[in-house]
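Report on the structure given below.
Labels for the chains are A, B, C and D, by order of writing; each one numbers its residues from 1.
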Amino acid sequence: MSIFGVYGAPHAANLVYYGLHTLQHRGQEAAGIAAFDENGKGLRHRGLGLLGEVFNQSILDTLKGSIAMGGVKYANASKGGLDNVPPLFFHHHSGDFAIANDGNLINRAEVVSYLESRGNIFMTDTDSELMADLIKKEETGEDRIFSIVSALQKMEGGFTFLIMTKNRLYACRDRNGIKPLALGKLGDGYVVSSETCAFDLVGATFLRDVEPGEIVTIDHHGIRSMMYDEHPRHLMCGMEYIYFARPDSDIDGCNVHAYRKESGRRLCRECPADADIVVGVPDSSLSAAMGYAEESGLPYEMGLVKSKYVGRTFIEPSQSMRERGVKMKLSAVHSIVDGKRVVLVDDSIVRGTTSLKIINLLREAGAKEVHVRIASPMMTHPCFYGVDTSTKEELLCSHRTLEEARVKIGADSLGYLSPESTVASCPGREALCLACFTGKYPTPIYDHETEINK
Amino acid sequence: MSIFGVYGAPHAANLVYYGLHTLQHRGQEAAGIAAFDENGKGLRHRGLGLLGEVFNQSILDTLKGSIAMGGVKYANASKGGLDNVPPLFFHHHSGDFAIANDGNLINRAEVVSYLESRGNIFMTDTDSELMADLIKKEETGEDRIFSIVSALQKMEGGFTFLIMTKNRLYACRDRNGIKPLALGKLGDGYVVSSETCAFDLVGATFLRDVEPGEIVTIDHHGIRSMMYDEHPRHLMCGMEYIYFARPDSDIDGCNVHAYRKESGRRLCRECPADADIVVGVPDSSLSAAMGYAEESGLPYEMGLVKSKYVGRTFIEPSQSMRERGVKMKLSAVHSIVDGKRVVLVDDSIVRGTTSLKIINLLREAGAKEVHVRIASPMMTHPCFYGVDTSTKEELLCSHRTLEEARVKIGADSLGYLSPESTVASCPGREALCLACFTGKYPTPIYDHETEINK
Amino acid sequence: MSIFGVYGAPHAANLVYYGLHTLQHRGQEAAGIAAFDENGKGLRHRGLGLLGEVFNQSILDTLKGSIAMGGVKYANASKGGLDNVPPLFFHHHSGDFAIANDGNLINRAEVVSYLESRGNIFMTDTDSELMADLIKKEETGEDRIFSIVSALQKMEGGFTFLIMTKNRLYACRDRNGIKPLALGKLGDGYVVSSETCAFDLVGATFLRDVEPGEIVTIDHHGIRSMMYDEHPRHLMCGMEYIYFARPDSDIDGCNVHAYRKESGRRLCRECPADADIVVGVPDSSLSAAMGYAEESGLPYEMGLVKSKYVGRTFIEPSQSMRERGVKMKLSAVHSIVDGKRVVLVDDSIVRGTTSLKIINLLREAGAKEVHVRIASPMMTHPCFYGVDTSTKEELLCSHRTLEEARVKIGADSLGYLSPESTVASCPGREALCLACFTGKYPTPIYDHETEINK
Amino acid sequence: MSIFGVYGAPHAANLVYYGLHTLQHRGQEAAGIAAFDENGKGLRHRGLGLLGEVFNQSILDTLKGSIAMGGVKYANASKGGLDNVPPLFFHHHSGDFAIANDGNLINRAEVVSYLESRGNIFMTDTDSELMADLIKKEETGEDRIFSIVSALQKMEGGFTFLIMTKNRLYACRDRNGIKPLALGKLGDGYVVSSETCAFDLVGATFLRDVEPGEIVTIDHHGIRSMMYDEHPRHLMCGMEYIYFARPDSDIDGCNVHAYRKESGRRLCRECPADADIVVGVPDSSLSAAMGYAEESGLPYEMGLVKSKYVGRTFIEPSQSMRERGVKMKLSAVHSIVDGKRVVLVDDSIVRGTTSLKIINLLREAGAKEVHVRIASPMMTHPCFYGVDTSTKEELLCSHRTLEEARVKIGADSLGYLSPESTVASCPGREALCLACFTGKYPTPIYDHETEINK
């Protein structure tokens, strides 16, 4: 999921559209945009599908005004359907507001229970509805910022929130900074975005990251900051660098493509391979593969091609079609890999099923050897902050040695990047959340204890 | 445009779907598939939009049978609308048939006039309708293959045709071999495809190219060959290697990615540059850029990022949005190009407007110098065989010197690959159609004389 | 709006679909259906558009289970958008539930204020959300029926509610019985419907009306009744007989077509006309016109024809088209009305603009005289219970005498049915809510005082 | 099917849209409109679905110009699909043109064979394509009107054609006048329509019918007439009056509602019934039922109600749903028919299956007796001119006596109107095509001999 907000720019909803377009890789199941027009009237449109399927120009034209925000959402079995598509919109005599969020509360059950005991009932499965209800429960008649502080203090997890009233935008980030959120300047106004790659496209310039534990308030006074936690930590999710973010984003001062290329170089030094060519798994592993190729002196080749038009509308081949040889998405290029010893660079291995398939593709296309190199450590633990690597059992490496994993995916050799290099690939960075690799969760994990103790 | 046919495989239309999916880069405006079921009943579905928008599983399920063919079509102002979407379907008491084609007749006006004088009138603007009418006019009661030969002998240009009856598939290629067409084996059956990249995906193996001037007949006897021209030439369109084809296709025995990488290496030798990094224009120029980087020893960097989700449904930013800085499709990565001297590798320059924009993007992102290197010769002449580079005036280099072109696009330096290297990048190849670079058209150009003499 | 529920029948959602289809005349803007499957999992689909546009077989197939309910909604400026489409669905650890309602709370502002003061905030503009919040606020740990009683006692207006849990259906009707609601038997199960015309279509038989002030609970025990008000009144909305309901419905024991025909006969006796033919305004006034014709002995003729295919997708003629004579929906049949003195029977006049147009149509088609006869009294007051005759000013007769009204609509004569006959057309009935004709509202009208005192 | 054309009015395509809207009852499967803009450029849009589904304002806006024509098409198994949707559009160097037609050629096979022998092949199954090909074959260099005459002289059947060039409209009617076609005046321009009911809606006035065997040419000279057959006959299809046409249309000077009412009166005199109420089958039999009621003195009652929203999108109840009592489209009103002896008036009986169902509905709703009265003669022969009553076997009365038919449909009594009264209900009319009732076909029937001799 990702969120994008604009304050103080004409046709703000149009800019949100272009911003979300850039963030589409973070959520392709659904999209929504809300805005307040000059008269303070709240407007919203959302739908299932890619942004381009949900919006057209005439819909965007109805979302008038100079303040707007939106989100894109990925598929999530337990939070599906239109009701859960951001932003949510709330009516209250004191003023309507909209909320969207990225990430996950880890103490959701606790918060739900707190609210139900006070007579609440829920129309969605979102954390944004919990946020709205908490704000209202905490309202004391003082400034709303204090009820937001109170609400956030009840929440634990990896998340960012955008809260929009008719004349104000609040941007909030969890106290560990697990999820990213960046501030930009756009003419006289401001933008907030899950990733900085959206800034350039809308003509904005990067200002700074929203800090862990911070609430940034944007209104006609400009931007103001309030910390809702005095002891924030910088434990951003390592997978943001490794896999999620776009290569042209900078997070906490480090460019994602540069990070990946450096991780590829370090991977080569830690796990060299005696081979002929380096091939990356498109698209997220290409930067690491280039780094590996540069460091090793081996040629970087386009041995795997990804079909560009695969989308929601694609008809998946039936089982019988697959058995007759019909392939999908990825194909290996025979004339490139035939007879070659291939270093296959991938960003990470979750279940290992895709790795197995890709290695088979390469071998069918004639590859003599396939040496798999992963630009991140062995993934051994589930994530509860938004990565949705469901259960421990499903992870290839939760219960396998390196050698067992190699055998399982059918590689000639297998190497992983060290946790140290995973952090060090980002110059000057001291820590990342590597919970899925190390099991060291930055927060209490509440009801999930059972899962990880299995 | 591109065509794909299947003979002798269950659920042939499904395979055509996957084949066309792989060829989608050759036509994104419209798509269609026709099939004959076991009872010899012809079935067809076609529509405007991407393949995935035109077809769904239940539509595919209606296209039963073990013989099928289809095509995808690109946007073409003079041949728009559903009527012109391949395949066309024809009713006749002697048996229905379907026709689809890639490329263009260059003597279309002549053929139309011939047919009108014999009382014909047309419901489409396609060459396929002309083919059907010619076949019927030439019918003498002998085998249909002779009427097809007769029809093809009246046609001049760069084209391929697929003609399908209820139990036979004819695959035809123009006498100069300007357009590519390849044969594959699929179990007991056969496939025909504009590009070989489609073979792997459907589980077929490459057999051979259809030869210039050849008609391949596929039926229960297997494949048979007949030459309709005794003096064919091998003058395939150079732009197939340079730009059109997918990097994982092999054409006339040469892999497209390998060709492009080699052309990049040669480009570097012919036009070196004193620079810090090499950046390719996504997606078709990346192979050439890698070759250039390898040869030059400079790092290959992801300095330009292309938005993946741009499609028909994307809302183009308005002029006022653009003026306020909203960008499209391509963005330059500031943290990669800032302060760098960039070698920008592109496959070709047509009008030069895109080059100008990309150079500006790079400069805005901080590039110190931009050295443009083009992996093909200066394009000076219009193409009439399917590339649709309309008029001579529009071409950047039809009336400009190299230096004038450099100034026009705002590059620090500009270099083009030589025609010799354009051919030589394909090992063992003696000739290509380089008419758009050299003005040497492989066929008479009929009514187009006026255009090129301007 | 209208609601329809099914308990204890396989594929209950399918039956709800057919039921709502029959009730479509009460709401054409949006439709929704919710169901609980055998595992108690709640499912819902809703959308904007006619029922047939919102649902298809594959969607219906997902709504499994033997308990289901749904609603159709008419366009309402202040309650538009998908969020307000019934049924609403609520999550709670004690069990999910769905709610839909017909009609309007008249003390909505009061209820909203009560809930906001207890920390509630709203995601819709519906009375169903208020109902859910009230139920939760009133929960004491006793049976849910008591919280429903409590909630209903806080509500004033003309309304019906359907509340569905995974194994129970509650059907509620306002204490004045302003809105209709009927119970039917369907095999071993039950149906509840805003109108009885839906019973026949789904194969159900009429059981009885839900009584004013009654909550009917339907579950595996069968049906049980609880009165939440000890002094209910029978003041059903007169407009149900006059205009809203389908002619094949029976309400409180009286068939709607029979009511209308009788009102037409009485109208003829109260306001006879010296004329040649009787013409009714299609479709709701045809029964009254037939009654008028029978009583008068004049022939009943099809002098006005209504276009059948007018729907949401119809392109309204532009102003310039209208000026050039392009007409809409209704047309007068020249060969029938030419030279005739016409009695035009309509069910009611709200603003008078439609009457003016119809009279003009008839005169243009050659009618010599047009004598307008209205099968209800002069409408002088706004309704706040769901008819949405917005403001007093807009009503033709709120500030005009009979003669002024006649002049305004351009009739040769104008006659209205008396309030007495409006009640008496329903044999045995003692009272109806005639507030819009008489200003005698059956409930306090809260914030609306200002409106009616204007 | 039906056709509608406009010459000499701004935004002609808009007027065609409204005209076709009025004719939608004659074809609900597909619709299309073609126009020529001021520059003589031909434009067309067509699609499957109701007119309102095929067109929207922005599509209509593309169809510029003051000359336009269109058609709506009903479902027809052998002529389905988009290719067969009118109008067809043809390209020719001498000028493009569009053709649409109503009705059927009866010598289609003969014409097809004639054309194929001259080297033609077909892309559609329409008579319009045959017309275009014939015109081109007959062209001699003289005025096009002569080739149209020649073409029409080769055609036999019941049909009307509209042929449109960039500046001219040709309106043609078969020599027996089986299909209707009327001319209207619209400002300085003209309209042509299958039925006159479309004139009023678009602001046109009736001028005259196109005569059997006539070609009316409309251009800047006004209207000109040419007869292509010197011995035309007035044998319009009786079913136009009985069933097809809208009650507000006048055909050959007789209003359709008036015809039907008179046929009902005559039916009552020919086949009286001892009963309590008269009920018509909605919608086409209501006028006849009213006539029967007036003549008999029995009350006309709304004993059957037709669901208004039934359309293409309606989900048909499954067999199991039907068995459980779910009904469709028509329902009988219990409180009206219960205990009554009903005269059920219908316009015609084809297979008898619908009659059987309706009679059952009435009995289930409590009708004591059902006396069926049909306002046309016994249908004993198939029609080949457009009614599509396929095969003789399917007709209830092709092989049954009156009594056998009564038993088959389960009526208490059954009566039909005499052929004499069928003609005489239209004052002044001498003849109609009653082939389906009498077997006297007005034309040779070619290949259909086999069918009727079975």
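Operating definition for what follows: a contact is a pair of C-beta atoms (placed from the backbone, for glycine too) under 8 Å apart; a residue touches a chain by one contact, two chains touch by 3 or more.
These numbers were taken from a predicted model, which means no experiment stands behind them.
**Q** Which chains contact both subunit A and subunit C?
**A** Per touch definition, common to subunit A and subunit C: zero chains.
**Q** Name the chain whose C-alpha centroid is farthest from the C-alpha centroid of subunit D.
**A** Taking each chain's C-alpha mean as its centre, the farthest from subunit D is A.
**Q** With centres defined as the mean C-alpha position, give me the subunit B-subunit C separation in Å.
**A** Comparing mean C-alpha positions, subunit C is 60 Å from subunit B.
**Q** Roughly how far is subunit A from subunit B, going centre to centre by Cα mean, in whole Å?
**A** Centres of subunit A and subunit B (C-alpha means) sit 37 Å apart.
**Q** Identify all positions of subunit C at which a residue touches two or more other chains, and write them in rising order.
**A** none
**Q** Touching pairs of chains, all of them, please.
**A** A-B, A-C, B-D, C-D
**Q** For subunit A, which residues count as touching subunit C in their complex?
**A** Residues 82-83, 88-93, 112-113, 116, 118-125, 129, 132-133, 135-137, 139 of subunit A touch subunit C in their complex.
**Q** So in the complex, the part of subunit D that touches subunit C is made up of which residues?
**A** Per the stated touch rule, the residues are 9, 11, 14-15, 17-18, 21-22, 24-25, 50-53, 55-57, 60, 187, 197, 200-204, 246-248, 250, 255, 257-258, 283, 286-287, 290, 294, 299-302, 305, 307-309, 311, 313-315, 317-318, 321, 324-328, 331-336, 365.
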